[in-house]
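Shared between the two complexes below is chain A, which pairs with chain B and chain C, respectively.
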Partner chain A sequence: MNARNETVNAERALPARPGEPLDEAAEPTTVELIDAYLRDHPGGGERLIPLLHRAQEHLGYLPFPVIRLIAGRLGLSPVQVFGVVSFYHFFTTVPRGRYQLKVCMGTACFVRHAGAVVEAIHDTIGIGVGEVTADRLFSLEQVRCLGACGLAPAMMINSDVHGHLNRTRVRKLLQGLRAQAKKADAVGADHE
Partner chain B sequence: MSETLPATTLDRGALAALRLRLAAPLRARAGEADAPQAPRELLVCAGGACISCHSVAVADALETAVAASRLAGQVRVVRVGCMGLCEAGPLVVVSPDGVYYQKVDGDGARRIVEQHLVGGQVVRELELAAEVPGGERLTGRRVPFFAQQVKIALRNCGVIEPTSLAEYVARDGYLALERVLFELDADAVIDAMKRSGLRGRGGAGFPTGMKWQFVREAPGDEKFIVCNGDEGDPGAFMDRSLLEGDPHSIIEGMAIAGRVVGARQGFVYVRAEYPLAIERLGQALAAARAAGLLGRHILGSGFDFDIEIRIGAGAFVCGEETALLRSIEGKRGTPQPRPPFPAQQGLWGKPTLINNVETWAGVSPIILRGAAWFAAIGTARSKGTKVFALAGAIRNTGLVEVPMGISLRTIVEEIGGGIPGGRAFKAAQSGGPSGGCVPAAAADVPIDYESLQELGSIMGSGGLIILDDRTCMVELARFFVEFLVEESCGKCPPCRIGTRVMLNLLEKITKGEAGPADLDTLESLGRHIQRTSLCGLGQTAPNAVLSTLRHFRTEYDAHVGEGRCPAGQCKALLTYTIAAEPCSGCALCAKACPSGAITGEIKHVHTINQDLCIHCGACLSVCPTDAVQAV
Partner chain C sequence: MDTIAITVNGRPLEVPAGITLLAALRRHGIELPTLCHDDRLTPYGGCRLCVVARRDRRPGLVPACSTPVLPGMEIDTEAPEVHESRRRQLQLILLNHRMECPVCERTGDCRLQDLVFAYGGDESRLPFDLVRRPRDTASPLIVRDPEKCILCAKCVRLCDEVQGVAAIGVVGRGLEARVATWLDGPLECEFCGQCVDACPVAALTIPSFVSDLPAWRRTTVTTTCSYCSCGCELTVATGAAGAAVSSSPQSRPNHGKLCAKGRFGLDVLHHRERLTQPLLRRGGHLVEASWGEALAAAVAGFAAARRRGEAIAAVGSTRLTTEDAYLLQRFVRHVLGSPHVSAGADPGVEALVAGIGEALGAPRSTATIADLAAADTVLVLRADPGRTHPLVKTELVAAARCGVAVLLVHPGPATLTGLAARHVMVAPGRDEILLLGVIEELVRRRGGPGPAVAGAEGQEIWRLGLEECRPAAVSALAGVAAADLARLADRLEAASSLVVTVATGRGLPGDEAGVTRRAVELLAVLGLLGRPGSGVLVLGEKANAQGVVLAGLDHRLAPGGETAGWSAAETIRRAAAGEVGALYVVGQDLVGTWPQGPAAAEAVERARFVVVQDPFLTGTGRAADVVLPVRCLAERAGSLVGADGVRRRLTPARSAPTLLPGDGDVLRELAARLGSPLPGDAEIDAELERACAATTVPALRLAPPPEAQAMPSVTDMVLDLGPQLFHSGLTTSRSEALVALAAPETVLLPAVDARRLGIERGDTVCIRAGTREVLLRAEVSDRLEGGTAMALWGGDTSGAGRLVVDPRRPLAVEIRRRP
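And now, the complex of A and B:
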């Protein structure tokens, strides 16, 4: 996903997130997290990227109120901070799925047909790269080499690497996860 | 040999005592010396790829099995860094016997303990072995994959516990730093770096000693040392393995340079995609600080030096040095025009010495063993060794360190074990997206910085993707250009617009819509981009296209002139048919076909209606009997 696409996606995602208008303030816990980091790490604008990492680690993504807050704390304009956020692939302004699929598009995986893995994911759960399923169960990204070239083609689901993939394995893997999530939700509902 | 260091700082005497006590057993572990009296240990590869194959569970299973046997308490399981042979992971080595076990699982772990350790019998079915011509069965370190390597940068990877300061010290770790602090003057160190002939291992190959001298001579009371660990090339994972497998070697190299050029602060820039490398480097930094090897007044010398980790955020262009420095400053990682070079004006405008991870790892051996020793390895202008990441259509995927000047054929056929599946070796792609393809016909050329450049490729960081005859070179060029279109930072038009136009042309070619004039446009456009781009990313962006045009022109011609993809990869140019003989009439293809082009009765031969076929290839991938053919 390049920077331009990411902006478009972010804009598209905005109306789909009711309860989070642009002007809303960041959560108090997020404010505390950011202020604590700045207290512990005195310095200037070079703290921006570590701070964005910290905030995304905490929230899963970087909503606009947080971008605005960070900009204010560091004495930067929000657009400068957004410029940094959109420049780096790792940062996202869109929430990701419960299962984050990261398909390796490194050369070794490409040579061993990683393209078919992306197609199979699309055929099974209907999302393309940079998208999230409507139920926010899955999100799909491409990454540049997981360093698991011996397992090519490979994909990371959250923190687990799955290797030697083909269409059938991808389909079974995703269907398995969907069933697992359904089961977990059902168990959770029973307990409530 | 579980070593826990005292919480107090170490002095030179304590370091010497540690080396005296632990050096011999560790040499035995590395296979450098016979030491039958060395303690029995099980080394488990805890490198990134082996962990993905559940090597951590294997290590746990080994510990459980040892604890349950009569050897309980006598055999230690050591989680070491990457051993290199990722294809055979998880790897387990019985030391000091030097027996390697491959693809070990929980059951295998129990058998290694019961049969080998307790019973004294090697588990033949799990043993790593290679049949060589003449029928001889080679095992352990004698398999060609290991036997042909010369390990300098990777000297400790797979030998020591990565974050154990004691084990690193025992391998003469921090001895070079001691020499630089107390015995050698700065000019002597720079002179040694120059005479060694070490060149930057990040790709450009600039002489390291000269760079050090520029920074030393640059005026300014504040200078910085930076380690470039933003290993963005897909297919390259040597920096990752070094940071994960031997982080102290990077710290030591940087501290030495800090002393020599007069810097007190260093930064290691690591990709966010490498959480394990970040974790282990962080542990190593903390251990070095606690021991007094970093921080104020190092070893009582009066020299202050410390290192911070900076985590990247996923931008390929940040591997370019000026972009990386901008990123450390907290900005968008866009490259800057050079001059001024970072040696004059780097981080926050101060003189900055930036080297790649692998370069840093090579510093202390040169100081300890001498420039002449290093310069004796390699070719006339490229000295020492280079780490390559072997991947793609090759039997032994993994990490290898070989002398400069080795031939591609030796790497592919002997170390790499050849091409699997009876396919033919077609080309090797070196240097990642900025690199090019070396055809099989040039496989006997000695590899160094110059020879690769003459072939239209670059050394790059050392990714080496082996391609077999099923790889379409046009499609491969398209893949790399697509990568670069997305990774171009957008600052200069030749790169931003030029790579996009190249991609459009390549897409036309792979769809069979291009004419002969498009190939000429592609070539001249590529030359323009090379000449006019601001940074290394743009200047090398056309390499994949130009090198494949040069070496595989006939393949481009087949796409353009005949509408045919000789490798059978460009889907739009393929015609799908179902052969009657193997077709079992299972109807899976008909179910998979999104355009309803396949018809037929169950248990009878199916057929594809070419007018309806959209060339998606779904039938090909689901057919259980290989009856679907694409030509």
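And now, the complex of A and C:
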């Protein structure tokens, strides 16, 4: 054993996340979703990426049991599928929020104080970049240019672009979304 | 093949079209540096060291390994910009490579080091800190050091493309990219170690073999693997501390592939039961004796038995060299004057002698391992080759990817299930009747058995027997739907060439010889018998099953039509009845081997005089009168004959713990002392060469199907037994490395039966057959047919093995949850 090896700082690329059941099977609804997709789209391993899209669209992220399930269905090994998931920025194994905030850090936004937008988000809902609120309502990421430099500083919330942001606008936007979610949940509860 | 003209370094060359530039240049002896290229893998183009300069109409640097060769290409392999590119590439690789060459165990044997010597690149001017990553030391046998990894991904691609396992993958992107296992756990794989051989640097190493000597001071010996009958060529490098096993891609028949046993199983040589001194029974106890005393005692015992006119019997082994096997049968037949000599109860010998030998007149396979890749269809019978003959599995992985139809007949999930074009889940031990059903179906479809069968011996009875093998009857017995049987027949009928593999392994219920005969008959009915590229490949369980048979070490192979002697089973029966005066056991542990163990213990007890010759002190040895220690196969010179009939040289890879003789040396000495010396090496060599080269015109003899009462219909649960990949018998049980890898013995139950019996995964279940019962932990699988349970047994001391009385019969068992 080499002394240099002893000092190596363990830097695991897979963040250990408490509460993530690694050994558990995927939810039955997810299994059904994946099997339905495979039934409707006969073929082989080329279905991997569309299937990952479908699963992430449904779940908001790709839990490890789902990765293992997809691998098994396509005759691949789990680490092969994780290789694909970890290669593409779009895929995530970390749960994201119902509202995914993507703050543009492109040049135009950056010089127009995109950093302040990130700070405002943190002040309003208490999360930093790469984090999710405890109620999984919001998650925050940085992205490169959104192609909306005229609106700088800008961010996307799910598929909508919001521009000319400042602290106040950010706070109002987020408070509005929280109220909207509450209302939608209340309506949903009434229907049940 | 079309050829095209290109110019390389100003020299015009003719090269085949449709290959890569790298392959084209190598054909003309022009070598290019590579780090990520391996001929066994699809081109990757990752390391960019094989770049060459194009000087034609599309100038620029191109990677030769992944550029197809095109007409009119003008290539410069040594241009200044080519060298500069390689140097810069090496510089970038070294940026993120922990350089500790003076103490690195690969120093002197490192591809990266060689290339830096050749092209430079060690003078990096970029400020950059090594990305720190922990070493994986949690995996058994293999250590992964990501800080040395240069991401050539050869390990990842070999694991997937060659081994068909994909236990590791490249994860992440850019600087975060690394080779990882699923969830960063320890390696869970077949431990073939192909990744270690392929690694150009020291990112993958085998710590137990880390030598304290640099590469250039180790001695290397290239020899033949002595585990299974594939005959893999391996290289043993011996340093001061230990030995490392590797194999080069140029080796044949294995192309650099080895399995866990071949690579890690060498530690058996140092097992604590290894004998160094002869033992002699004195006053009821075995005590150490000199060679002179021990040999004199053995000679006296044999001579006494001969004088008294008592039967003398010998049991050899399929783990003897071909030469020693020849000497043993010659010694027993000519010196001791007894016909009772066999190689022990080896299923491979049964398949060869009673299977192919009876059907075609010569006890040898009619196909080779190389035929697997060239065949149109491969029918896989008996054991799962992924567990018993890993080389064959890797050949089938490659073959299946090239479009070869692999048809698998196996009672449960097998390592080949994923790549098989068809997997017929036959009831355990019913493969012979299934084949008869297929043959009957084909004969009926074709309106007759075809010309190859028409003139064959025994045809009338065979056809009568076949009448009983209609789909409905076979379907009920074999547990295979008639439609599945018909589909299997369709596939076989469509085959333009067919290789049938009969992998033998200990514990598989069923009749090897019967299955092998049916395989021959199937080929005959299909009109493929004797056609090049088609045939039956019998994979013997132990290294030299084929060689021992060719050397005549079998009770049925008496030269000149003398009366056949006793089989090992018959020898045990006679000895237990007190009818054997002297018993000579060579390289075989009758007592420790299941299922005849208890009967053999009595036999060894009742035989008047017992000599055991073995590298280890076995159960049989403990009950013997004289124990003669010899070298292990890996310490022997001689030859082994692989399943493909090729006689391969065996070179001593390690020296024996003390000065020990080989089996042949002992036999010669005994013969000389008994007054009739054995023939010299040259004579034996010529004899064996003749036996190996002999070609006989196949004369088909048909055997009547087994009678119906021998095949009771399946009512109870039937237990299938099979060897594990890492551990399959007495030899592996002496390897610490392999035993540590072996999974604890479990019984796999079909989900439907588990529900019915109220058994859940992890429960301890009681399995009863007759009056014997064992307790095993249960696993539940939805991939097993109802009524079939599977146990992968862990060697001769295993639990489930003790249930077996007659391995040729399906094993009916009663399974219940332990109260």
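Here is the rule we go by: the second predicted complex is superposed on the first by the 151 of 192 C-alpha atoms of A that agree within 3 Å, B and C clash if a C-alpha of one lies under 4 Å from a C-alpha of the other, contacts with A are read in each partner's own complex, and residues count from 1 in each chain.
To be clear about the criterion, a contact is a pair of C-beta atoms (placed from the backbone, for glycine too) under 8 Å apart; a residue touches a chain by one contact, two chains touch by 3 or more.
Not measured: the values here are computed from a predicted model.
More chain A residues touched by chain B or by chain C?
After superposing on chain A, more of chain A is contacted by B.
Considering only the touch criterion stated at the top, classify A:Phe82 as touching first (chain B), second (chain C), both, or neither.
Second partner only, chain C.
Thinking of the overlay built on chain A, is A:Ala184 touched by chain B (first), by chain C (second), by both, or by neither?
A:Ala184 contacts neither chain B nor chain C.
Classify the contacts of A:Phe91 with the two partner chains as first (chain B alone), second (chain C alone), both, or neither.
Only chain B; A:Phe91 stays clear of chain C.
Classify the contacts of A:Phe64 with the two partner chains as first (chain B alone), second (chain C alone), both, or neither.
A:Phe64 sits against chain C, while chain B stays out of touch.
Considering only the touch criterion stated at the top, classify A:Thr107 as touching first (chain B), second (chain C), both, or neither.
A:Thr107: touches chain B, not chain C.
Output check: A:Ala25 vs chain B and chain C. Expected answer is one of first, second, both, neither. What do you get?
neither
Output the chain A positions appearing in both contact lists, the one against chain B and the one against chain C.
2, 83, 87
For the complex, give me every residue of chain A touching chain C.
2, 4-5, 8-14, 22, 64, 68, 75-80, 82-83, 86-87
Which residues of chain C touch chain A in their complex?
98, 100, 103, 132-135, 145, 147, 160, 165-173, 176, 178, 180-184, 418
Which residues of chain B touch chain A in their complex?
48-49, 52-53, 86-87, 89, 232-237, 240, 272-274, 310-316, 327-333, 389, 391-393, 397-398, 429, 432, 463, 465, 467, 471, 476, 479-480, 483, 485-486, 489-490, 617, 621-622
For chain A, which residues count as touching chain B in their complex?
Its residues touching chain B are 1-3, 44-50, 52-53, 83-84, 87-91, 105-112, 116, 143-152, 154, 161, 163, 166-168.
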